[in-house]
Each structure stands twice: as C-alpha cells, then as structure tokens.
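What follows is a pair of complexes built around chain A, which joins chain B in one and chain C in the other.
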Partner chain A sequence: MPRTRRTRLIRGSQYAAFGLLVLVIALTVDWPSIRDSYLDPSKAAPLFPAILTVALKNTLVYTAMGFAFAVMVGLIFALMRLSPVTPYRWLANIYIEFFRGIPLLLWLFFLGYGVPTATGRQLPFAPYSAIVLGLGMPAAAYLAETIRAGIQAVPRGQVEAARSLGMSASRAMVSIVIPQAFRIIIPPLTNELIVLTKDSSLVAILGVAAGTEELTKFGRDQLNTLVNATPLVVAGLCYLLVTVPLSLLVRRLEARNARAQ
Partner chain B sequence: MNDPVNDPVSTVTGAAPDDAAIVVRDLHKYFGDLEVLKGIDFRVNRGEVVCVIGPSGSGKSTLLRCINQLERATSGQVVVAGTDVTDPDVDIDALRRRVGMVFQSFNLFPHLSVLRNLTITQRRVLHRTRAESERVARATLTKVGLDDKVDAYPAQLSGGQQQRVAIARALAMGPELMLFDEPTSALDPELVGDVLAVMRDLASEGMTMMVVTHEMAFAREVADRVVFMDGGVVVEEGPPDEVLGRPRHPRTQDFLARVLHPTAAAPKRSSG
Partner chain C sequence: MTLRPRRRQRMLATVIALAALTLTGCGAGRSARVDGVSLVKGGTLTTCTHLPYAPFQFKQGAKVVGFDVDLIDLVAKRLGVRQEIIDTPFEGIKSGQDLGTGKCDIAAAGMTITDKRKKVIAFSSPYFDATQALLVKKGSGISSLADLTGKSVGVETATTGKDYVDAKRPSGVKVIEFEDLATEQQALATGQIGGAVNDLPVWLYYIKQHPGGFEVGTQFDTGERYGFGIKKGGNPKLVQIVDDVLAKAKSDGTYARLYEKWFGRKPSK
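Up next, the complex of A and B:
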C-alpha cells in the first residue's frame, strides 16, 4: 500500500497547488479595472453588428478566396513535384522553398506597397488581388506538400487497377488518385484552413478602405476610436468562433481515420 | 524466330497462329540486377484456360503483369490479341481495354460505390452513356451474384464480395481475355469458393483466362493447361492431369508435394 499512498499524496499536492494559484489570482487581480479595460460591455456594444456583418464576413471571404486559390495552385505544384519532367520538379521545389522561407508579412508589403511603388500603379483589382495572392501564394506552397503527400499515400494498386482497365495515366490521376488523396488529407487541409484564417489578419497592414476591413483591422481601428482594448478582445473571440469548431472537427476526423486503420 | 509455323510454343500446343490470345517469346525481365524472368516462351489460345503455378518468387505474377505491360519487359516479345505490346509505339491503353485483370488485393476504388466502380471506366474509357453503362454494370453484377450490392461501398463488403465486384468491373469492359493474379490468395478460406465459382462459370462460357493461382483443385478441374514455373523459367507444362497428377520434373514433384501435403514438408505455401 505505501506505493498507492505516495501516488495519492503527490496527486493531492498537485490539486492543492492549483487551488492555491487560483486563489492568489482571484484575490490579487483588480477585476473591475480588468473589466473596464478589456471587457467593457458599453464599449463592446457599439461594435455590433459591424464586427460580424463586415469584419468577420471579410475575414471569412478573404480566407476562402486565399484558400481556394491555394488549393488550385497547390495541386498544380504538387503534380509538378511528382512529374517525371525534371524542370517541372525544379520549378515546384523553388516555388515551395521560396514561399516557405519568406515571412508572410514581407510578402504582403511587397504586393501591397512594393509592386505599386515600383510600377507606379496599383495591382489590378486592388486590394483583392493583393489579398488573394498575398494569402494564397504562400499557402499554396504548404498545400502543395500536403497534397503531394496525399497523392503518394494512395496505394499503388489503385493506379494499376485504373491503368489495367484502359485509363490513361492522367485520367487515372484525375478520376481515381486525386479524389482519394483529398479524402486522406482532409485533416491537414483543415489545419491549413485554420492557419490561413489567422494569417488573414496580416491583411490589416494593406490599409484597405472602409467596408473592406477584416477583423484585426476593424479591432485596431475601433481601439483608436473607443480608446479601449475591448474591440481587440471581441475580435479575438470572433476568430475563436471560427477556429475552435474547425479544430474540434480536425480532432474528430483524425480520430475517425485512426479507427479506420 | 517470329515464324509461327516453326514457333516452338505453337508446335507444342499444336494450334493455328490466329488462335493465339497471348504469345510470349523469349521474355526476359530484370528488376535492377535481379533477373526475374529468364527467357519465357508461353502461349494461351483463344478460349483456353491456363493456370500458372509455382513457388513464391518464381516469376509467375511478373509474367502475368508483363502481358498487359504493368511491368515492362526487358527483352523479348509479348503479343496479346494480335498486338505486340512490347512495341513502344503501341497504344497500350487501347489494348488494356480488351484485357481484363483481377488483382490479389482486389484494388476496388474505395471512394466509389460498387455501381460507380463498374461504370466509371465504361464512361471515361469506352464513352458509354450513363444509362448504357449502368445497364451493363447491373447485368454484370447479377452474373457474379451481387446485384443487391450496387449502392454499397467496397469497405462494406467481405473480401470475397470485393473480389467478385473486381471481376465484374473487369468484365463490364467486355474483355477478350482475363488475367487473374492470385485472385483468392488474400481471402479467408471460407470465401474462396464463391470467387472460384464465378471464375468457373466464366471458363465454361469460353472466356480466355490466364490464372496465376495456388488453388490446385481449381487448376485440376478448370484448366485446359497447367504451366509450372520456378526460378524465372517454365519448368513443365501440359494438361492438368499430367502436370498435377504425374509431374515429370523433380522440381514440379517437390513443389506439389509441399503444396498438397503442407504438413509433411516445410515451408508452407505463401502468397505473393
């Protein structure tokens, strides 16, 4: 019995330490000041409904546009990485390593300010072009690697069966391999979507016009207007509204995949 | 060497050259430095059922995979239904439409229903209409006794059912001949019978079949000819009663002794 007793003692002291920590925080922190600075209902109320109908909507739209672009371009680069044509593989490798290696913020500055400064004019369809390319091109580099892994995870026998039935290599890829590859990579793909939802906040530096601002820019602007941090906290909660359900979805999908194997 | 009259293989079988479904001449296959096929002469006539037997690593699956060029021959000639498949200019996709293949591991498309497994190649490769492809698919599934499974997905089926769907998928393309690569080796023993019954029906309908198998009883009953391979060469071939009943070559005798009486001599048969 001494062994179980020792385990119980250690476990008990861990709970006691936790309780003590909670107690110290509750007693020492100045709650009214916290509430007034960060969670002031009177400062939160004027944020609505614009924070949902404009800011959150724009965050979702920019994320979706960037993601759609990234999936399409990522698929192309994944196929190029698997191509028997050596220059295609080089090109794909250069693209992937380039965008995995440079900071997203720098890339957004380049598109939003660098190119217009150099050429003396805005990109066509500004600011959406800078948003889609700015978010989508780096994400495509990550997705290319994910999609390539998915394609390689499809058993060889699938291609052999398709080819033995007379399908061409490209038809087998489109009809048999790619649909299965995407099924395999739904969990990592959803993770990429979560990352992109958060990265879309960097679009704030593009200084987009009224009505096109997303959550972070909106929160930042309201911070100036209201001289209070509450808008940033509410904006953060809005991100969690999107990312937490996606994260739970990934866990469920991963658990299902683990069971299926 | 290509003169069919003096061809040693056609002389053995005594068949006219235009009866040939498969003619293999002096086929060599290397995997890197490993010579898997060491000069194979082999022939299957139209309407004939040929079972290829032999120990693991004897090259029998490789030979079968060279027929529809899933493996490329290193040297030698493979003529299938009058087409030289070793010719680099040949339209291999067009030929494969005429040659059905059944795999040891079924290789059904897991993301598609049974019906779609049968229709996708008909529609994408043969460009049949949706209605026509579904009619053919249902008729073929009825033939293998699985017409009640059209809407099921492969993962919902037993191994034996999956393999019968795989046979139906190949048949739906209307092939001139069928290749079977150890079709029952991945199945639980109690599921083997249903698959063999479908193959037996197919043989009795006159389908040309090349079957790589370990099912000696099936070979004895259904095959017109049995080919025994070992070490990358054809050691012995002939009618099943002769090759399986009175094998002449000691390697054939040794192999059959081990397969038919697995407890008497180790090692047991293995798949692959």
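Up next, the complex of A and C:
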C-alpha cells in the first residue's frame, strides 16, 4: 500500500472512531436527567450574586494572600539555595523537599488542628494566618525552585557588567538579576497561580464562618440545600472564569519569550 | 544615580515597619468578658458546628438555621451579644480541640453526651433525647443491620452512630464512612449503600422533605442525649447560664414551641 494512502486510511479511521464515540455518548446519555441534575437554571439563579460577591471573591482573596506570601518566601529560599553558605543551602533544600512531598490537606490539618492542640491556642489572626501559611508555605517551595531557575537563566554577562560598573554583588542581584529573572519566569509563576486558585478549595477544612466560604464550599453547601448538582457546575465555571484567561495569558507570554530568543 | 537605590531601601524599611506594626497592633482587644463569661470574640457568642445537620443546624439560603441555632440564640440574647456560627469538621468539635484552643465559645452540633467526650468537654444539661436509626429506601424490606449482609451501610465520620455500627454490625456488612450528612444521604438516594445510620430526628426531617422515597428500617435505642459543649474548666459561668436559659425555656414554653417548629410534634415530656 502506498504510504500516502496508508496515512490517509489511518487518519480516516481515527475520525471514524471519534465520530462513533460522539454518537454513542449522544444516544446513550439521558439528556433530560443531565439537564435536571446539573444544568437546572432555576437552581442556578438563586446562587447569584453571592457566588460571585462572596464565594469567588474569597477564592481570589485567599489565593492572592497565599501567592503574595509564596513569592516573598520563595525568593528567600531561592537565594538561600544559591548561597555560598552551606547551612543555608541545606536549610533551603530541606524546606523545599519537605513541602513538595507533603499533601496540602495534611498540612492544613496540621496548622488548623495540630498547632492549636500543641500550643493550647489558635494561631494569631486565625483563620487567615492558617490560610496564608497553609496555601503559601507549600507554594513557596515550588516557587523557590522556579525562581532559582530564573536567576540562573539570567546571562552571566549581566552580573559581570554590573560588577564592572562598581555595584556590589548583592546590589547586582537585587537591581539587575532578580528583575530579569522574574521576567523570565512569569509563565511558570502564572501556572503556579492557577494551581493555587484550585488548591484554595481545601481551606474549608479550617472551619468556615458565614461570609468566609470560597467557591467549592459554597457549591457544596448549595448542593446540600438545593439537593441538586447544578451549584457544583456553576462553581466549576467560576474557577474556569479565573483559570482560563490566566492559561491564555501564559500561552501568549510563552510565545513572546520564544520569539524574543 | 546613587540616590535612587537608597531611597528604595528606605521605602522598603518603611513598608516592613508598617507591616510589623499592623501585625502586632491587631492582636490586642479581641477577646472580651460579659457577665463573668469570657468570649473569644467581643460582642459575639461564637458557635462551632458541623453543617448540615437538619433540623438541628443547616443552611437556608445564606443563613444557618435550626433547633440548636434557635436555642443558642436564646443564650446569646441573654448575654446581649450576637451569635456567629463557624462550620468546622466534627472531629475538632467532639475532641474538645475547637473549644480548648479558643476557636469558639460553645459547640452546638447535635452532639451526644458521652463519657469519653465529657473528659475533654464541659457539657450543658441535656437538651434533646435522641436514638439512632437506620434509614432505607421505601419498599426495600430492610429492617435490621443483618438484612444488609452483602451490602453496605453508611455512617457519618466521628459520630456515635458510627461507633454503634462498628460495634454491632454483622460480619457480612460493609461500613462506608461519609464526611457529612449530605453525602451520606446522597449515597443512599443514589443506591451506593443499602442503608444509612444516623440520629433519628435527622432522618425524620429528611423523610418529611422527601416524601415517599425513604423510611426508617429500624431504631436502635441507645439512650443518647444531646448537650451543648463548652471549654472544659475554662468557662464555668457560661455552662451555668446555658443551663439557666434551657431551664427557663422549658418552663415558659419556649422550648416546646421551638421543638414543634423544627420536629413537627410536641416534646414527649
């Protein structure tokens, strides 16, 4: 069989398999029951505006607090990993490996229940402190590695030029290297922000007062109240409202970085 | 050129100083005392509960309502403060942790008074008599745990119902644990489990909300009584006030009125 014909045949069979799959789904799925359970407009309407003004807002606030903390702490650990002082490098390595290996849910339980039990008191500013530390400390471990890679990706000539202008090593790091490193790592940094947006759904286990629920907890509560899965679908769409634009942004930035090189 | 980095440094120092100031400044003046009762947050009676547990506490729109909520509102009114409800996992409530660490002043979570819990929580006088019950789908013919041999029975994490089933289940019955009441109910409704054990009043309310679908297969008379939880040894005055409020509500008919409002019948005594 000639090669072009074979390629065409294989491609044709792939399209046929896909078409068959769509057909099977369309015919076997009970559409009215899907609409009633997941896409009922009368169950979606009462979710507004609270799902946006309370739940989505809290998701964004928790994510932003955790991310701001993670960038600051991540930068410190990135610099420690690159430090000529050996104990600093050890400390940074231990921190990074610990938090990359610990499940977020376990860490949140530790902050919300383990620490108060051991000390006999809540963390100051609970639950916000637990939210910031809970989301921020593990994220800082990931960001530390990202930032370190970014710092190492800044061409050596930049440091050499800065030093030859009379800047000290630390001044060159702060004014020349770190700003360029952040420019390089904006795409992976944005990816981490997307991950954190979704991870914020776990903070509900810290305990939720009226008005502090984020999207997932809000969706679950409404699932219980309305006995219908539509709130979960709407909550999911709200996450996509945040994450998809961020994803598109990452793609554009990556394309621009690729062009610049 | 040399001026700019230094100015930036000074700005950084100011920001750090401001952050430190806000961190230390806000800590003071949060807890408060009213009538000899210490409250973790001024002007507020903070209640820990685990939602949903209808009709004791559940969400109606954005508000948490229920029998427990109404009773604690009486206590808050007596103290002249507002009730704020925190929805938190039941493990933290029944272990006494949430009360001991000052997360809340009182726990109102349809909580049975047990000897084990008494070691870590100061309980109010009992405010409700409850028994455990097995909820099944209508017409399933299941009327005991033994009828579930080869099937699964659902329980809720950290509840007395779970302890009962763990102790009494026949060997052929698989126990599946659910994180909250709603997931347990959903599992039964969708046929993932053959029966679900939880407190009787909760099932009676559920049957009322979903007529025709479910029935109580059997009851397990465990002689359980609910109490409100308060920090062990930490707030004796609050225990006393809660007991006073409960006694007064029972004598002036408020308790009977609330009971009928949430359970659809008068209290037996």
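Throughout what follows, the second predicted complex is superposed on the first by the 259 of 261 C-alpha atoms of A that agree within 3 Å, B and C clash if a C-alpha of one lies under 4 Å from a C-alpha of the other, contacts with A are read in each partner's own complex, and residues count from 1 in each chain.
We take it that a residue touches a chain if its C-beta (ideal position, glycine included) is under 8 Å from a C-beta of that chain, and two chains touch if they have at least 3 such contacts.
All of these numbers come straight from a predicted model, not from anything done at the bench.
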- Task: Figure out whether A:46 sits in contact with chain B (first) or chain C (second), or with both, or with neither.
- Result: second
- Task: Considering only touches as defined above, state whether A:221 meets chain B (first), chain C (second), both or neither.
- Result: second
- Note on the structure: Of the two partners chain B and chain C, more of chain A gets touched by chain C
- Pick one for A:208: touches chain B only (first), chain C only (second), both, or neither. second
- Message: Between chain B and chain C, whom does A:171 touch in the aligned arrangement: first, second, both, or neither?
- Response: both
- Query: Does the superposition put A:121 against chain B (first), chain C (second), both, or neither?
  - Reply: second
- Query: First (chain B), second (chain C), both or neither: which does A:158 touch?
  - Reply: first
- Task: Figure out whether A:180 sits in contact with chain B (first) or chain C (second), or with both, or with neither.
- Result: first
- Item | Shared chain A surface residues [contacts with chain B and with chain C] | 171, 175
- Message: Using the touch definition from the top, list the residues of chain A that touch chain B in their complex.
- Response: 155, 157-158, 160-168, 171, 175-176, 179-180, 183
- Task: Can you check the complex and tell me which residues of chain A touch chain C?
- Result: 46, 50, 54, 112-113, 116-117, 119-122, 124-126, 171, 175, 205-210, 220-225
- Item | Contact footprint of chain A on chain B as seen in their complex | 68, 70, 93-94, 96-97, 99-101, 103, 105, 107-111, 120-121, 124-126, 166, 169-170, 173
- Give every residue of chain C touching chain A within the complex, in rising order. 5, 26-27, 48, 51-52, 58-64, 84-89, 91-92, 97-98, 100-103, 180, 182
